[in-house]
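Order of writing sets the chain letters: A, B, C and D. Residues in each chain are counted from 1.
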Amino acid sequence: MVGGGQGAFIGAVHRMAARLDDRYELVAGALSGNAERAAASAADAGIAPERSYADWRDMAKREGDLRRNGQGGIDAVSIVTPNHLHAPVVRAFLAEGIHIICDKPLTVSLTEALELRELARRSASLFVLTHTYTGYPLVRHARSLVADGAIGELRLVQVEYSQDWWADASALTGEGGWREDPGMAGPAGTLGDVGIHAYQLASYVTGAEPAEIAAELHTFMPDRRLDDHVQVMMRYTNGARGTLWASQVATGCENALSLRVYGSQAQLRFDQENPNVLWLTPQGGVAQRITRGRADSAAAMHATRIPAGHPEGYIEAFAQLYRDAADQIQAHEAGVVAPPSAAYLPGLQAGVSGHRFIDTVIKSHRANSAWVAV
Amino acid sequence: MVGGGQGAFIGAVHRMAARLDDRYELVAGALSGNAERAAASAADAGIAPERSYADWRDMAKREGDLRRNGQGGIDAVSIVTPNHLHAPVVRAFLAEGIHIICDKPLTVSLTEALELRELARRSASLFVLTHTYTGYPLVRHARSLVADGAIGELRLVQVEYSQDWWADASALTGEGGWREDPGMAGPAGTLGDVGIHAYQLASYVTGAEPAEIAAELHTFMPDRRLDDHVQVMMRYTNGARGTLWASQVATGCENALSLRVYGSQAQLRFDQENPNVLWLTPQGGVAQRITRGRADSAAAMHATRIPAGHPEGYIEAFAQLYRDAADQIQAHEAGVVAPPSAAYLPGLQAGVSGHRFIDTVIKSHRANSAWVAV
Amino acid sequence: MVGGGQGAFIGAVHRMAARLDDRYELVAGALSGNAERAAASAADAGIAPERSYADWRDMAKREGDLRRNGQGGIDAVSIVTPNHLHAPVVRAFLAEGIHIICDKPLTVSLTEALELRELARRSASLFVLTHTYTGYPLVRHARSLVADGAIGELRLVQVEYSQDWWADASALTGEGGWREDPGMAGPAGTLGDVGIHAYQLASYVTGAEPAEIAAELHTFMPDRRLDDHVQVMMRYTNGARGTLWASQVATGCENALSLRVYGSQAQLRFDQENPNVLWLTPQGGVAQRITRGRADSAAAMHATRIPAGHPEGYIEAFAQLYRDAADQIQAHEAGVVAPPSAAYLPGLQAGVSGHRFIDTVIKSHRANSAWVAV
Amino acid sequence: MVGGGQGAFIGAVHRMAARLDDRYELVAGALSGNAERAAASAADAGIAPERSYADWRDMAKREGDLRRNGQGGIDAVSIVTPNHLHAPVVRAFLAEGIHIICDKPLTVSLTEALELRELARRSASLFVLTHTYTGYPLVRHARSLVADGAIGELRLVQVEYSQDWWADASALTGEGGWREDPGMAGPAGTLGDVGIHAYQLASYVTGAEPAEIAAELHTFMPDRRLDDHVQVMMRYTNGARGTLWASQVATGCENALSLRVYGSQAQLRFDQENPNVLWLTPQGGVAQRITRGRADSAAAMHATRIPAGHPEGYIEAFAQLYRDAADQIQAHEAGVVAPPSAAYLPGLQAGVSGHRFIDTVIKSHRANSAWVAV
């Protein structure tokens, strides 16, 4: 693991996720750029001192050597640093042929995203981008339903991601503070932190991406250097329409990611805060409340662990990405055909697509919300 | 009553609404432009044949005479015709000094709306525009809360109105068919039918209207001559932002008008389909589920009839407008001071504001969604 | 109307309900036993002074005479007095052949209920008992579904009615105060006020009544003379089981009447506080959220007025009983066959059944909750 | 771990729960009584062959020896066998001074439960009974609220646990089949499988247990040898009342454990299927929807891992019991004072209390539902 030292939120989640299904052992890490903190964090995480690194470059190199020499170097690395470090760290581990599990967003610019995709194509490494919400069984069920034609032709997409944790001027201190530093977060604030999740969720479920976008970024909080709110209108190739909005100043919201998709035959609705429920309503008909335990697609059943009525949550969704990644990596190492979960795991294509979205939103915003082709 | 003959939806609702609180007697009507149907509809509605008119011009003139002569002419008229007739009928009854209760939208153009407002200012008639949803106790409670500072400074508005009854190409036949005829409905389809309700609800609750709009109309159904979908981004004077969308092709939606307002202190949420509940969530705090029977503002308590837990609905909201109108008319006729409900009744100002919205949306749409000042 | 003078809750509801569908004219009343209050209440209600009575005996006699003599006496009377007066008032109007719409409970004892049923059988009058909740379209839809076999064989009944308006010792003052006076309310407090509604709703929907009951009454509030809480276990003839509880000291509850019925094939759930929704869940399957506007039984469609997504409430349910009663009375007077709503209107049989329930609960309670045959 | 071989549901859950917070290492097991299956299951679970046992007696003895001799024997054992084996396995490991984490119900009779409690008192072992639902942050928050007086004096308890997985005659095959074998499950079917959870949840949150019970067991499915449905009325010492019902033939239910508690000041409501929400409604007031991330008690905050709006579920609740057990065991082994979570962990007292409930229900049932003192 690179990043995720003491106090970091997402690193701890990655570790829980990796443990849940007993498919990983955490044996090495560069958990912090600060040597002392790296060592202390490694001790907390049960990493032996000799495999705790203060510099991820050293880690890539030495673990790569161990791996090449059959001395037990890591098979895969989790990258959970602030955004600006994703690209260099990815490059270093790709170069060693180590598989990569990387937090979103992929990087800080579309150019770099394209470059990483290209690098990965030429490497022997697998790449998983942890868009958490794609690990929910009912998100995968929704995707299956759309792919199987259950909603008919796509007509409308309404997606949003609202939080209130930046809603007070004082909110961003401590470990999360890098999120409002353009040098670390990249050019997108809320847009890159949660807007990209909303976009990716819509794309993942519908299998469609907009052809044109008209968008506006906004910063409500004085002294904040990045956007804390974004609103977007979307036009799809087939004539479908949509709106997306994301906000971290949406008072009273916790982690309100929700997606509604309307096709010619039916509507789908998913709210992340209650991920054990998916709604499917046929045109003019009666809404069906599909629960996780009663979703009957192979995709949904593959991504769950416990019986109907026993709720699963965010950690389980995250763990699903790790479990699927483990399946892929094992098959890859064994030289056998990739298991079907390959189709459900976001990777570099999702990363590029997310940065294309960010890029287009920023362009449209700078053009006073003119429609811009994606 | 003018309009509302056999088979018309909204005319029947107006009649139920007028009856509920026993403040009106329906004694005259021009229920249809077709003489035979007018007579049959009048008979159904309990109107005596001698006061059933085939032409609303005759009705205005004769009822005006009766009223002037103290012979029991009507005090007020309900106008429930297709949109294009609102203006001429309003003019005719205004000229007779008869009070007017008119269905929305006020008319078919901003110019005409402004003209009617001016005419009404110079007349002795009161004017109520039946934006139904302003009759809900909890909508009025929400407005009170905002006015009393409960949400702090306005930050975000998210409002939508989605239906699926135009979602099939075959949907518009029979009595409702005029809605897709520009000659009768005006230049706005879904925009004028339900979009205007969404806009008005947001304005009513927040007391604010956007300064600029970027919008797009869309027509999904082939052969439809008006929009059946609209999406809008909004900028408010104080920097607040918002999106509005309205659709009548939103598969699986019944009458899904919902409003969310986020201020610096709290969030409000109202869903028309369960109008007995209003949500108020303070920043970073616990959501409060305010029920109709436990809303403690004067505005809410004034607009309800039955105890907590006994649900009220759409007809009651409509009836509230009639009840309030009756109070206003009686006070006006008696020459006494208007009761406080005056502040809660939409009238010509709301009508003008709605047409300004329609007008701006259409302008922005024609400018490929450029921001246009309202 | 007998009873329902100024300040009474249910009388005003009956009047709104009677007006909504324009099938009744309120022309006579004995609205209070106090002459002055009777007169003032009649004036409020638009009843001419000469048909306002201070004594319901006079009203029955004179209106009966007018009716017999073709001088326009009332066709039907609404009885909305405290419980202990129901029986004598019913007797008086039955004797005159006037149709009766009577609030629940029918009377104050099973003996009297049986007597009234017998009297009515021998009279020319129709009798409707206003168990409000049977007027909800989705309650009727639920009944249709059960009757049509949608849930299979009945297995479990879980029904409850909880309120909090007696939860403070100070709650019962003013007009409602008779509810805790055994001389006026009869021997059952909460049991007769709301428990009977719960029982009737379950019977109405399932078409089944328990064979045996084990029950306990309880009085939480010191100085209260009647029960304010009741809990019941039920055994049905076919082996089905159930529990019923009703409380008016259930802190934080408004008017929480809810019914769940489980059969061998499916489950049904209805909550009165959101009467526009009914849940049907097949065994092992996906819950269906049936809305009022999408319930497709003849019974449901007959009992609603406005389109899908436009919520109806308590007053509409009440009005449905009045509308159906009007249909029945008109057919009866015209000597034609009764319209099908006859099957959906509660009458004396429901009244007897309710008192049999009350009687059995009290017997079981006195036997320390022993099972007692109904 | 004893029990939990291939195909067993709850063993796998225990293992995930133990892993989540990285406080346990699974090093030994007697996962099945069948030697071959034990070995295969151990291999799956990553247990070295030399510490996989086909007989739990051998495991207790050898691991006890290793532990005593400082050779790395296990500190704690998880017992996840069918019910009838709990007691003998507990006795064996208690005798070795190994700490015990045991699935519920504690055993198969009250007598044995009392004996185990006594044995444990005299041993050096800690004992945790995995009543899963006590691991939910909001269950602990509810308990805190009650303890802090937030609901006032206890008045009503309504608790239920309904499932449909025994609702078809064919349901019980495979690994779960022992649940209907009195020789393995004990004398209580649904009562012991889920009824005891409902009882324990109510006791846990309220801190109160009923003084008397009137109950009925029922078996719906032909050929089933144990109850599949139970209904109970309860009287508490302070005069409070309650009903409990549990069913595994409740058509359309998944894992519907829900608790409502009404005190003199407020009502609490918790539904296990959405464990991230707890409702608190003050008398006559507005319901508060408390989310996991916004519950501010020390008890709730201690039992959660991720931020507001990121849902946790059943596995996390289970993991909380393991995490708390680890804290207790470490403190115990270190000879330091027990951390406060001791107060939140169910143990032998909960086990005895559960069996007292089962015992009383059966007695009342046999006495045709007479009230029986607990």
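One rule holds for everything that comes next: a contact is a pair of C-beta atoms (placed from the backbone, for glycine too) under 8 Å apart; a residue touches a chain by one contact, two chains touch by 3 or more.
Here the structure is a predicted model, which means the values were calculated and not measured.
Student: Starting from the Cα centroid of chain A, hunt down the chain whose centroid lies farthest away.
Tutor: C
Student: Contact counts by the stated rule: is the higher one at B-D or A-D?
Tutor: Most contacts of the two pairs: A-D.
Student: CA centre of chain A versus CA centre of chain B: separation in Å?
Tutor: So the centroids are 43 Å from each other.
Student: So how far apart, in whole Å, are chain B and chain D when each is placed at the average of its C-alpha atoms?
Tutor: That gives a centre separation of 56 Å.
Student: Centroid from C-alpha atoms only, then distance chain A to chain D, rounded to Å. What do you get?
Tutor: 35
Student: Out of chain C, which residues touch more than one other chain, so two or more?
Tutor: 253, 284-285, 287, 291, 294
Student: Please output the residues of chain D touching chain C within their complex, sorted ascending.
Tutor: Interface residues on chain D, with respect to chain C: 151-152, 155-156, 158, 160, 164, 167-168, 214, 216, 218, 220, 229, 231, 233, 235, 239, 241-243, 245, 247, 249-253, 262-267, 281-285, 287, 368-371.
Student: Please name which positions on chain B make contact with chain C in the complex.
Tutor: Within the complex, chain B touches chain C at residues 9, 12-13, 15-16, 19-22, 46, 163, 165, 253-256, 272-276, 291, 293-294, 305-316.
Student: Under the definition above, what is the set of chain A residues touching chain C in their complex?
Tutor: Residues in contact with chain C: 284-291, 294.
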